[in-house]
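Take a look at these structures.
Each of the two complexes below includes chain A, the first together with chain B, the second together with chain C.
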Partner chain A sequence: MSELLKVERLSKAFGRRSVLRDIGFTVEPAKVYGLLGCNGEGKTTLVRMLMGIIPRDAGVIAFKGRPVTYGEAEYKRAIGYVPEDPFFYGGMSVTGLLAFNGRFFPKWDPKKAEADVRRFGLDPSAKVRTLSRGQQLKLAVVAALAAEPELLILDDPTSGLDVPTRREFLRDIIGELARGGTAVLFATHLVHELERIVDHLFILRGGRIILDEPYDKVKSQAKRAVIGFTGQPPESLDIGNVIGRRRIGQDWELVIYPWSEAVNGSLLALNAARLEVEPLSLEDIFASFVQDAR
Partner chain B sequence: MFKTLLIKEWKDKALLVAFGLGIMGLMLASFLLFGNDQDLRELIPATFLIFFFPVIGAMLGAGAFESEFRDGAWTYLLSRPVRKETIWSAKLVALLLILAGFWLVFIGLMAVVPGLGDVIAGFNFPKIVGSGLSLFPLILLSSLFFFSIAFSFSILTDKQLSLVFGSLFLGFVLESVLFFFAFQAVGRAMLTHAGQFPTLGAFILSLVLSSLAFLAASLLTFLKTDFSQPNRKTRALAIWCLLFLAAAWALSAAWPVLRPGPKEELDGGIWVVGKEAFLSTNRGLYRYDAESDRFKKIIRLRSEYPHYVTGGGKVLYVLGYDRPEGPALWVANTDGSGKRLLVGGGGWHRRRQRGQGGTPVYIWFQSILLSPDGKTAALLYEEASDAAPREHKTSLASIGTDGTGLTKLSPPDPRTAGNGEEFSWGAPLAWLESPDGLLIVAYPPASPRQARPTGLWRYDLASGAQAKLFESPRIAGFYPDPTGKSVLMVTRKNISAGPVDVSLLDLATGTETPVTTIERSETPLWPTITSIVWSADGDKIAFLARQAGGLLRPAVYLLKERRLVLPDDVQVHELLLWASLDWTADGLKLVLADPAARSLQIMGPDLDWKTTMAVPASMSQRFRARPVGDAVLVSDPDNEAVWRLDLKTEKWKKVW
Partner chain C sequence: MLIKVDTRGFMPLYEQVKAEIRRLATLGAVKPNDPLPSIRELAAEILVNPNTVARAYRELEQEGLITTQKGRGSFLSARRAQDSERALEAHLKRKMDETVREIKSFGRGPAEVMKLVEDSLRRLEDSGRKGGGNE
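Moving on to the complex of A and B:
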């Protein structure tokens, strides 16, 4: 089955404030999905709806082709979840919490949990309430991975991790998981971390998904064009597929997506004194897409 | 999953369990140390019961979601692959089991600690409720109620003190309101329909349903709302609580009406007047219809046996001893038509408090009488006194069966009825041959240890004239003949020993004629003479008399011949309370029900012949026989059955 998770027309409002509208996307196995959005765009709300933590107002969530209702629990056995603030029961020890957690997951691997506890340098006997936020995040990652999930949902967790752990997590662990067939949905606003691992991008803006494309395609088709003029530059430029623009002195800087021969021809037809076209980083692409919203 | 969550909750509450057990231990130690002091012996367990169980219930409920709030573990818990219903029910069951554990430990202490159980058993529900229900189960129920309130509110906040005290406050307020409504407004309205003291049940039901309402509101709020939206959660819980509580209270109020009434039960015997037979149950008063050979309901009741007499085509009955409005005297035609309230039903509980002088507030059901023409009723009642509101005067009165002319009869003997003395009263005994002539028995005051003098008076209702017919310095029982000419008297010189004298008093002349003397039964509870019945023409009296050895035997006294017939070959064995004797309407046959022999013995008027009829095999031993027309109706209350024996064909038929 190619579709692991499918979301259609998902909507959520808090009171009169609409947070998410008609969200739809698909997640396939063995891929890393980046769910990008600025703060307050609804990433956590979307993830919580996917995890059945909060009810949705409308829409369908299907896991492995089967629609799941709010309150349903079985599908979560195949999902690992690392929340933004992974608070556990403070009175439990690290070992106790993992043992407690393991009883919920049929594929729970206690040896893997034990190994990951050592790998992340956690004290197995420490009470959870004595752990720092970073250590609790590590514990959440351990708890999520030992369940051997088919889908791992990460809700902006890496900001609390120290640099070595974050690098290891992003480079090794996520990579291992994807190679092992696990799909990863990584919700974050710190996009530079995703660049090396992401396969597919979703960008949330204004309560909607405005970009749903493979990262390679985005990477290859998103370009920055710097157009320099010798005299007074034109007030506006009639170029297609421009998602971001700014004027710097006598230069225009355009962000174009998707890049095409027609766009290239339009740029050449300007007969500018200088035309520089260069690829964009993921951060630049994201910034360009969400610029207006900020 | 459920078990995992259950164990987690128990671990979370280990400290609270230890705290509770510690408090219980302190109570126990105090009880053992200071139990010799009579006041402390009751005060310690009472204080413990009143405070501990409600508080521990509230504390347990308040802590239901404490760890999720305190540790911020909502996201973690709700993202686990476990249904929300399972999370909620695991918490509920875990905490309820702890609460039940406290109950069981305390019940165990009551069983093993000497004296503790007795002290707790002595704490009863207030008597005003009219029930002997122990307070202990109600306190346990209260702890469940407080637990439910705290449990439902615990999904809103983790502020434990606020939750505990808020739940206790709300719980006490709600309990008070429910109690007030159950015993005042609802109870008063429902008592009429539901019989004796259903309000206690309504109160308990309201507590149980209110607890369930809080829990249901909690469940729905937990399932349907977003934990991250506290205001919405609070609003949802408030709405659900109000809805469910409204439903719970409506159901509690409706319960006394909706609940099934008690099973219909025969009230024992059958009452025969002339050719008509009546029986009563807790559902109604029935008249035997010979044509259809079945009993037809003439008065519909619910859960209360009527006390009734019949005569002159009317039935006079008293209802309402179990109702706040108090007993009332009713009359109806024997076909059930023309039902009319004559007097009473004014609320004797209230009258007793308010003291509205002169109003009948209590009717002595043993002392109602209907004139042979069915036009006048006589009754003995209590009335409130303006001078002493809480003291009642006992008065005799007559009233027309059309509801008019309630007339208080002046006391026939200044020493007797109406003087408010505890050991004095008078009662209408029989109607004499004249429609206005009332025979009254009067018992002047006497100390309980004295032999009570007894007077018989004739009272003329038309003129108010009264005359003493007889006075005995001894205890006497009077059995007037149906024609009102004479009275059979059973007198005894000593209340607890000595022979019983049976004599006949001629009401016209005042002449007393000895009938027989019977030695007192050796067993105080066994009557020396019983089942005294006159034949309809007033010529013969039959009774069962005790013999040496305890056996009863029938006797017939023939008035014209002044002769007592005592057959040697008819004896009734031990089941004396259920042996019965009665004449057929024509006075030619005497029917003896003999439970020991499981038979009816039909005898001639001089006991010169007898026929023995075995009763149906299914009949229990507690049967009573009443001849009516050419048949004998035999009631068998143990089997809720009435059989008819046709005296001509000697065949049995079940008619009830």
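Moving on to the complex of A and C:
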């Protein structure tokens, strides 16, 4: 079975406001998926539907080849879920909460939970409500990982964390990946860390997935071209596959995806005074794809 | 083992890991039969996906620069240093060909290619003197 999760024609509206339309994608084991979208584009709604927290209006969610229904709990035992704002019973201690949580997961590993609590520097006897936001997030990660999930879903977990904590978090996720087989679906609008681990990209915009490609491919086929003119630059440029453009003084800056020989040729045919082609960071690529959405 | 990767370049991360290991082998920082870090250790150290390190190791193994023994990990191959020298030469030639091909695709002639290479060298040396900060 190469598909862990398969989503087809998934739709959701809140009242008359359509949030997600015809969403379809596949998640395979042992890969890291980046689900990118600006705030308000429906990342959390999508994740909540996958986790059966809110019902879907239409569509199919299949886990390991079996369609799941809303309200069903069984498949969720194989999924580790770290929500944006983890909710815990504040009166419980760290140890108490993990023991409580463990009862819901057949593959729960109490030794791993205990070791991770130590590794993350959490005080096992501290009441959950006394933990900082970063510490609560760590606790949520400990709880998600101790269940030995086949799929780990992270909903913008690093927003609001400082850089060292985000790096530490990333290191933990990498450790989990190295354990083998676990797939990760990482919903975020902060792409800097994701860039180092992502295998496959989904970009969500206007309620649809507008990009569903391996990251290596996107990285190698997305380029920035800076075209410099000596005189007055043309008002517009007739170049294909342009996903972002702006004029800076006498230069045009284009973001092109996918890059091709034809695009290369039409850039050369401009006979500009200067032409520079550069790689783009994931952040640049993401920004170009969602630019005029705002 | 000091390996650096940079997410900003055109080069995919696994290629960078390969190039770094090759570089360390050529410099003698890693010697024949020396153990390499495990996939897990290296991934956590340089903060990349273990799949990326695994792919780099797999390809280096196919190229003969490293050997992997079940349960014992990966080691730099015991071949003569010359061989890795040759592999490095081949790699550098390939990288240079890629770059020159791209420059030529923009219609630049030999003199312009040479000038771009020289300018690049000068720029890199300048930034090296300023403390190497291209962050």
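We adopt the following convention: the second predicted complex is superposed on the first by the 284 of 294 C-alpha atoms of A that agree within 3 Å, B and C clash if a C-alpha of one lies under 4 Å from a C-alpha of the other, contacts with A are read in each partner's own complex, and residues count from 1 in each chain.
Definition applied: a residue touches a chain if its C-beta (ideal position, glycine included) is under 8 Å from a C-beta of that chain, and two chains touch if they have at least 3 such contacts.
Predicted model only: the values in this text are computed from it and were never measured.
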With both complexes superposed on chain A, which partner does A:K64 reach: first (chain B), second (chain C), both or neither? neither
Give one of first, second, both or neither to describe whether A:P55 is in contact with chain B, with chain C, with both, or with none. first
First (chain B), second (chain C), both or neither: which does A:H189 touch? neither
Would you sort A:K219 into first (chain B), second (chain C), both or neither based on which partner it touches? second
Return first, second, both or neither, reflecting whether A:R245 touches chain B, chain C, both chains, or no partner chain. neither
In the overlaid three-chain picture, which partner chain does A:R171 touch, first (chain B) or second (chain C), both, or neither? second
Once chain A of both complexes is superposed, is A:A73 in touch with chain B (first), chain C (second), both, or neither? first
Considering only touches as defined above, state whether A:K112 meets chain B (first), chain C (second), both or neither. neither
Touch list for chain B against partner chain A, complex: 1, 4, 8, 11-12, 67, 70-76, 78-86, 223-229
What part of chain A is in contact with chain C in the complex they form? 30-32, 167, 170-171, 174-175, 177-178, 193, 195-199, 216, 219-220, 264, 268, 275, 277, 279, 281-282
Touching residues (chain side chain A, partner chain B) in the complex: 14, 48, 51-55, 71-77, 79, 81, 83, 85-91, 100-101, 103-105, 128-129
Which residues of chain C touch chain A in their complex? 5, 7-10, 12-13, 39-40, 43-44, 47-52, 102, 105-107
